Structure formats: structure tokens, C-alpha cells
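Next up: some structures, all given as C-alpha cells.
Same chain, two partners: subunit A is paired with subunit B first, then with subunit C.
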Partner chain A sequence: MEEIEFNNVTFIINEKTPLEKTILNDVSFKMEKGKIYSFLGASNSGKTAIADLINALIVPTYGSVKIGNFINDGRRIKNVNKLRFDTGYVFKNPYDMFFNKTVKQEIAFGMKYFNYKVKKKSLRINDALKLVGLDESYLKLNPLRLTLVDAKKVALACTLIYNPSILILDEFTNGLNYSDKQDLLHLLKLLKNKYNKTIILLSKDTSFCYEIADYFYLMHLTKIVKEGSREILHDEELLKSINLEVPKIVSFVNVCKKKKHDIDYYTNIHDLIKGVYRDVF
Partner chain B sequence: MYSRNSFGSYYPIDSIIHRLNPILKIFNFILTIGIIIFAKSLEINVFLLLFVLLLMMLSYVPSKYYLNTFWSLRYIYILIAFICAFFNTTLTTCMTYIIKLITLVEYINILAFTTSPSENIYGIERLLQPINFFFLPLSKYAFKINSVLRYYPLFLTVQYKTFKACASRGIDYYNTNILKRISIFTKIQGNIRRLTSFKNGQIMFASVLRLFHDRRKRSNYRTNKIGFYDLFFTLFHLVLIYAILVERGIL
Partner chain C sequence: MDDYLKYRFGTDVEINLKEKDFVSIIGNMNDLLIYTLLFGHKKCNIFVGDKEVTYKNSYEIRKRVSFVLYQHLDIFVGETVKDEIAFGLESLALKKDDITNLIQSESRLFKLDELLERDPNSLGSSDKVKMKILSSMIVKPKIIILDNVISELDYNDKLLVFDILNEFCKNGGIVINFTNDIEDTLFGDKIIVIYDKKVICEGKTISVLNEDKILKRLGLGLPFIVDLNKYFMDYGIIDKYQLTNEKLVGALWKK
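Let's turn to the complex of A and B:
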């Protein structure tokens, strides 16, 4: 899978009915392979629709979505399973992904229906679980009875098992604690650097995305209001105007700058502490 | 895949209709079913529909939720019109049938949107109380009735989510031919039923928690209160029943 391209995509539900609602309005962008992209926006900004369009779960009302050699423009997509196989998608609510009796069946489901053949299936399932930080004891559990954090990890394992080249995580950091987020950071870095995967994060968690993403799209009320590299998140006024939280590091550095301490915008807390020691003290 | 069905789900806001006594709400609903079945004249049915529209407005639930159900039944209205045309029925009778259907569906919607599962259970249980000659476990029956009432809307939601989850992992229900659709549905319908029952169980559990306090007695917070609107709406239903009795020459 090479790249993703949205060309003037508009997505309207229940068009020409009294229930018509625009979910995405004239959205265009281009993504390259092997980078981490982040869509940041408050609720109802249209983030999930972008994930659904990439995964071809919905078709655009106007415009087209190009994912590698596939084009999602309302016409029937030939071999749509190949596209979904390449674009692993973890839903916002992990419990919405679960419908099998055990975690093992749930993880193996994708492999089975994508016809992804591996020599040692159970070993592969165990590896996927280990990758997300869970052990084999989870395999026999009912996925619906897992805690939110574990459910998210299992949902991620369900997607990683068939090794997609694009990974879409919708609101994945919601409910995760600090150490879980750190584990996720390491995993995403590994997937990007070692396996050259394209990762798309759809989130409200500006602090997490600020630390890991290479390119940002700020969304507000169905539109992309601004895109660019990490610097666009330094604009506190803009973030507040679209109901997003300013990344904690950015707000700390901005306070320091107001107090005439010249500190760079570091991406993680460890570098920031080192910077503060070096530049301030 | 985005047109999610909102039929039968509770809409938690504060309104006059939300605050009505659940026992009388269910009692009024039973009266309404009687009115819909027995009222022949278009006038009474139109009057009832207007009353339902008033209830919809007073419920403060966004109109799109009601329209959603209204719109999804459009083919049934056409079918009724065709059947009426086939049997040479008058336009008034045809209109009466369509109005009856709209009234019933929207009244169910009002009841579902404005009554939480725990209130529903409480209302059903209290309503069944007068017929409890044999010391039956009425609370269990009330739970079961509520569970049955909520099952289908919940099933539709679970089905939508499961199909979406399946599509993203290799089985696409929506983009396939009818034979494959049947095959997919048979493969996963067991799971959908199991999942629906599980979620139904969770709702029931939450209802149990809300209905009992620490001394394991029924809490009757605001559900025992009968206000002006309760009496007004019940009286309105009774007036309509009286109108039907007059129409039928019984009184």
C-alpha cells in the first residue's frame, strides 16, 4: 500500500431526506507511506468518518479516496477485502469489535476470513498478544468481560495479527493510564521504524499525538481547519477555538516563554526536563 | 452503513414527558392501543395523532429521532396504500390505517425515548400488582417483559456494529450478493443473538441496581408521584375512549 489521497471528499448521511447530515465537508489531503499522521478534533468533527472511508466501510457522497491502487468513490471496489486487509482498523469502542466467545477466536477471526495463512497459527496469536503486552492467560477469556484497557489491547492484537501496512487507531488512548500510553508509544515507534507502517491516529489526546505523530490535521465541524507539522500545535488560541486541549508540554513551554525563559518545544517530558535544566538553571 | 437505528433507545433529558409517572405512562399506552384498534372514524385518529405530535414536542427529544422511524416505514405506508387500492377501499379508510400505524409507532417511540429501563420495569410491576392473587414474582415478570420490549431495538444496534466489525475483518455483509448475505448472516447471527442477550443482561443488571436501595426495598423516588400532567394526559385518553364508545353506539 503506497499512499492515501482524499480528493474533495464530502460525506453526507441520509442525503435528500429530512434527516440529512454532513459528516465530512470537502476534505482533501495526501499521506505518504511510513509516517505517523494524527487527526485531532473534538467530537463530531468527522474523524471516524475518515477512518471508515479509508477502510471502505462507507463510500463518499462526493469526491474520491485513493488508497494505494484502490479507489473508493461510490463505485463497487473490486477485491475490497484486500484493501481492508492492508488497512487495519481499531474501532473507537473496542467492545464494538467483539462478537466471538473467546479472545482466541476473536484474534483468529481476521486471519481466517482474510485467508491469511501462517504455519503456526497459535504461535502467531500468542505473539500478537505479547506485542500488545498481554499473556496467554487471556486467550480463553470472554472479550466482552475484559476491562477497557485490556479490551483495547485485544482489539489492537486482532488487527496486528494479519500485519496490515496501514494501521488506523480511533480514540485509542482514551482511558489508558500513563504506563499504557508509554507502552503504546514504544509499540507505535517500533511499527513505524522497523516495519515501515503508516499509522493514522484519530484522537482528542493532543499531548500523546504531539509526542509521536509526524504530521497533524486539525479538524473542526466536518472540516480540516489546519494541517502541518508539530508547530501548528504551538498555537494555543487555535487549539482552544476548536475545543482541543493544548499539549501539556506546549502549555508549559509557553508559560516559560512568557516569563522570558527561552526553552525549545521538546516532544517528550524527559527531553523537556533536560532542556529546562540546561536552558534555565 | 451510517444510518444507525434509534428506535427504542432511551433519550436521557429532562422534560414534562420524562417526568410523567411511569405507571400511568404504561396505562395510557394500553389505552392508546385500545383507541387505535377500536376507533374507526378518521377524526378520532387524526385527533390522537395530533395529541401524539404534542407529546413529541413536549418530550424535547430531537424531531430527527421521530422522523428516523417515520422515514424507515415509508415502504410500509406505500404497501398499505397498494393493499387499500387493491381492495377498493376508500381514501379515508386508507388514510385512517396509515395514521393508526404512524400513531402507534411514534407512541412507542415516545414511551421508549422518555422512559428509562428501570422506570419501565417499575411501571409494569406496579401495573401488574392488582392481578397478583397468587403471590407471583411480579418483579421478575416485569424484568422479562421489559427485556422482551427492548430486545429488538438492541438487536438492531448490535447487528449494525457486528456487521461493521466483520466487514473490517474480512466478511462484508453490505457489499455482497443475496446468497452470500444469507451465508454471512447464518454464520454470525448466533453471535449477534448472544451479544444482544449479554447487553440486555447488562441493562437489566443496571436496572436492578437502580431499582433497589441498600435495604433491598423498592425505591420509589419520583415514580409514585402523580402530577397535573399525569392526570391531564390520562383524562385525555379516557375522553377518546368515551368518544369511541359513543361512536360505536355503546353509550
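Let's turn to the complex of A and C:
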């Protein structure tokens, strides 16, 4: 799997009926391997459609999506399972992913379906659970009865088990508490640095994405408004106009700058405190 | 003033809420608490107003308590947003004209008035949450219980919904916001931390957030602005909480 390329992709649902609605409008971008990309946008901006297009769950109305050697442009994709095997996708609502009776069956399903061969299956299931921060007592539970946070973690384990080279997380941080978010940060860094995975975060949690992602796409009403590295999130006016929260650190640093105190844009709170401390004394 | 909601689970969990309380409940017991509030439990005693909740009077109690649950965000009873909101009012047997007028005025408050004829399935997640909160508020309950739905809202909508909920509290209602995100607790005026079937701490927002060691040990963290304040207070740069960026920056470079 080399890279992802969107060429003038337009996606319209219920075309040529009174219920016609444009979800994506002329979107083009290119992604490289081994980086963390973040799509930030309010609801109704078309984030989920992008994930669905990469996973080939939907086909674009116009334009084409290139994912490695596969092309999703409305024609039949040969060996589409290989594409879905390479692009792991965690849904927005984790309960949508579950249909087995126990967590163990649920996690093992990915290996069985994609014919992913490992020596000791049960060992690998335990490892996957440990990776997302759950213990073995969860294996016998019914996934539909789990709490939201645990369900999200199990959904992530279901995806990680077959080792996809691209990982798509749709609104994953919603409803997670502080320590879960920190664990997720470490996991994503590990996946990126050690295993060279491409990670795509679709989110409206700007504070979380600001800390981890390498490249950002700001989306508003079916279009990509702006793309670039971390600097584009320093523009408070732009973020407010597209109904996004300004990252907490950025809004603090911007207030400092307004009062003529020279503080850098740090990515985490500990560096920020050190920076402020140095400036005060 | 007497407590309006009294909730007891086992020996260690006890929640007493008065009218005009906006309380955030945080911890790892949220699902169990909501389940017991919905269906009751043999270990659990709940009083709403002057009545104890039993299986027989649960219909009467549901008029006083509204729930907005995460699992039900994608489940709809109506074909349009209007039908969805009207469902509760219709079951209260209101007149048709009253229902229409009420929906018109209330939906304007939530900025949903342009979406009334839409199919609820075609809405974005933020609008879905607003619709669900509106449809549970429109029947004028005494208590609203939110389960993890605030995290689905866009930023502007979040501020709007918290304004409306605060207004609801001022008029004598009770809002219970079950959440995992500690940032949301800044909007309420009370916090209860419940962990492993025990109430760890409860009280006014800032006094609970002051217990940073407990909150961090439980993995709940602190809201960003409180965390900053805490560090600077430990360094001795500021001496009291400043909960907005402007005030904090002003206090930091005073000396």
C-alpha cells in the first residue's frame, strides 16, 4: 500500500431525486505513507464520506480515489477484500461493528475473514486486547453490552488484529476520558514510529489532533477549506468561522501574544508551562 | 429546600439533588447508574419528589424525568424531525395547534427551525443530539439526564445547549450530565465523582477540581485551564484560580 490520492471526488446521494444532497464537492488531496493525517470539521462536513471512500464502502459519483494499486471510481474493484484488509476502519458508533456473541469471537473474526495466518491465535487476541488497554476478563463478555469507552477499545482491537497498513479512526476520541486519550496518543505514536502505519483521524477534537497529527485538512460544508501543517490551526478566526473549537493551548498562547508576551506554540501542556515559567522570570 | 431526587445504591452511593442543580457525574459507573435510574434495582432506592419509584408508578415518574441516551441517538420514531419532536407531546394528548406552536417556538431556540421537514437519518450528529435533547425537554420534565451525548456536539452548539440547560436549571429544573470528558464539567455547578461503587468526592465544581491528586490518580485528569492554574499555583506565581485565559495571562505577568 503506497499512498492515497483523491482526484476531484464528488459524492452525491439520492442523485436526480428531490432528496438530492451533495456530501463531498470536488475534493482532491494526496497522502504519503507513515504519517498521521487529521480531518477536522464540524458535523455535516463530509468527514465520514472520506473514510467510506477510502474503505470502498461507497463509490464516488464523479472523480476517482486511488488507494495503493486499487482505484475506486465506480467500476468494480477486483479483490476488494484485499483493499479492506489493508485499510482498517473503526466506525463512529462502535456498536455498529459488532455482531458476534463474545468479544473473543468478535476480535478473532478479522483474522478468520481475511485469512490472516498467525501461529497462536489466542495469544494474538490477548496481545491485541492488551495493546488497547483491556485485560483478559473482557473476552467472555457480550460486546453489545459493553460501555461506550470499552466498546470503542474493542472496536480498535478488532481492527488492529489483522495489522492493516492504513488505520482510519472516525470520531474516536469522543467520550474518552483523559487517561484513555493519553494511552491512545502513545499507541498512535507507536504505530506510526515503529510500524510505519498511515493513520487518518477524523475528528472535531482539535486539541487532541493538534498534539499528534502531522498534517491537517480543515473541512466545512462538503469542501476542504484549508490544508497544511500545524500552523493553520493558529488562525482563530478561520476555526471559529467553520464551527470548530480552537485548540486549548493555541487559544492560551494567542492571548499571551496579544498582550505581547513571546510564547511559542507548544504541543503539550508541560512544555507550555516551562515556556511560560521562563518568560515570567 | 428539600431534596427533589434521592438516589441510593447499596450502602456507599448516595446522590441527593435539589431543584436548580446542574450536576456532572464522572467516573466509571455511569452505565450502571443510568441503568438503575431507568429500570430500578433491588439494591436501589429512588425518590423523585415525594414518590418512591416502583415498577407500578414508573409511567408517572417518566413524566418527570427525561433521558437522552447515546445508544438511542440513531433510533427514531418519526419520519421527519417534526414528528420526532412531537412524539412526546402527542402521548401527553395535547391539542394539535398547541403542538405546532410549541414546536415552532422551541425549535427556534435550538436553531433547528429550518430542519423540521428533514428526515432525521439525514441529519449530522450534532443536529441529531440537539433534536433528541429538544424532544426530551419539550415535554417539560423536572429532571433531564444526559448520557455522554455532549461529546457529539459541535463547539457552537455545545455552548448553545449549555446556555439552554442553564436557563432550564434557573427555572427550577435539574440537569444530570453523565460524562467522561472532564472539560464538560466546567459548565455545570456541581460535580460528583463515582468510582468503583463509591462516591469519591462531591461538591461545587471548583472545590472538586481542587482535588487534583485524586482526579489524576483515577485517570480523569483536569480541565486544561484548571491544570495550568494548578501548576502555576504550585510554582507560587499566582495565588487564586483564574478560569479564563485573559485573567490568567493578566495575573501571570503582574509581578
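We take it that the second predicted complex is superposed on the first by the 281 of 281 C-alpha atoms of A that agree within 3 Å, B and C clash if a C-alpha of one lies under 4 Å from a C-alpha of the other, contacts with A are read in each partner's own complex, and residues count from 1 in each chain.
Please note the rule applied: a residue touches a chain if its C-beta (ideal position, glycine included) is under 8 Å from a C-beta of that chain, and two chains touch if they have at least 3 such contacts.
The structure presented is a predicted model; accordingly, all values stated were derived computationally and were not measured.
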Subunit C versus subunit B on the shared subunit A, clash or fit after superposition: clash
Which superposed partner A:261 touches (first subunit B, second subunit C, both, neither): second
Touched partner set for A:137, first subunit B, second subunit C, both or neither: neither
Touching partner for A:244 - first (subunit B), second (subunit C), both, neither: second
Which superposed partner A:57 touches (first subunit B, second subunit C, both, neither): first
Stretch of subunit C penetrating subunit B in the combined three-chain arrangement, among 27-35, 81-89, 153-161 or 243-251: 81-89
Set intersection of subunit A contacts, subunit C complex versus subunit B complex: 19
Partner subunit A, residues of subunit B touching it in the complex: 1-3, 64, 67-68, 71, 161-162, 164-172, 175, 188, 191-192, 194-195, 198
Complex contacts: residues of subunit A adjacent to subunit C: 19, 21, 42-44, 92-93, 95, 147-149, 171, 174-180, 204, 207, 243-245, 248-249, 251-252, 255-256, 259, 261, 269, 272-273, 276-277, 280
List of subunit A residues in touch with subunit B within their complex: 13-14, 17-19, 23, 49, 52, 55, 57-58, 76-77, 80-81, 84-85, 89, 91, 96-101, 109-110, 112-114, 144, 158
Subunit C - residues contacting subunit A, complex: 26, 30-31, 70-71, 73-74, 119, 122-127, 148, 151-152, 154-157, 180-182, 219-222, 224-225, 227-228, 231-232, 235, 237, 245-246, 248-250, 252-253, 255
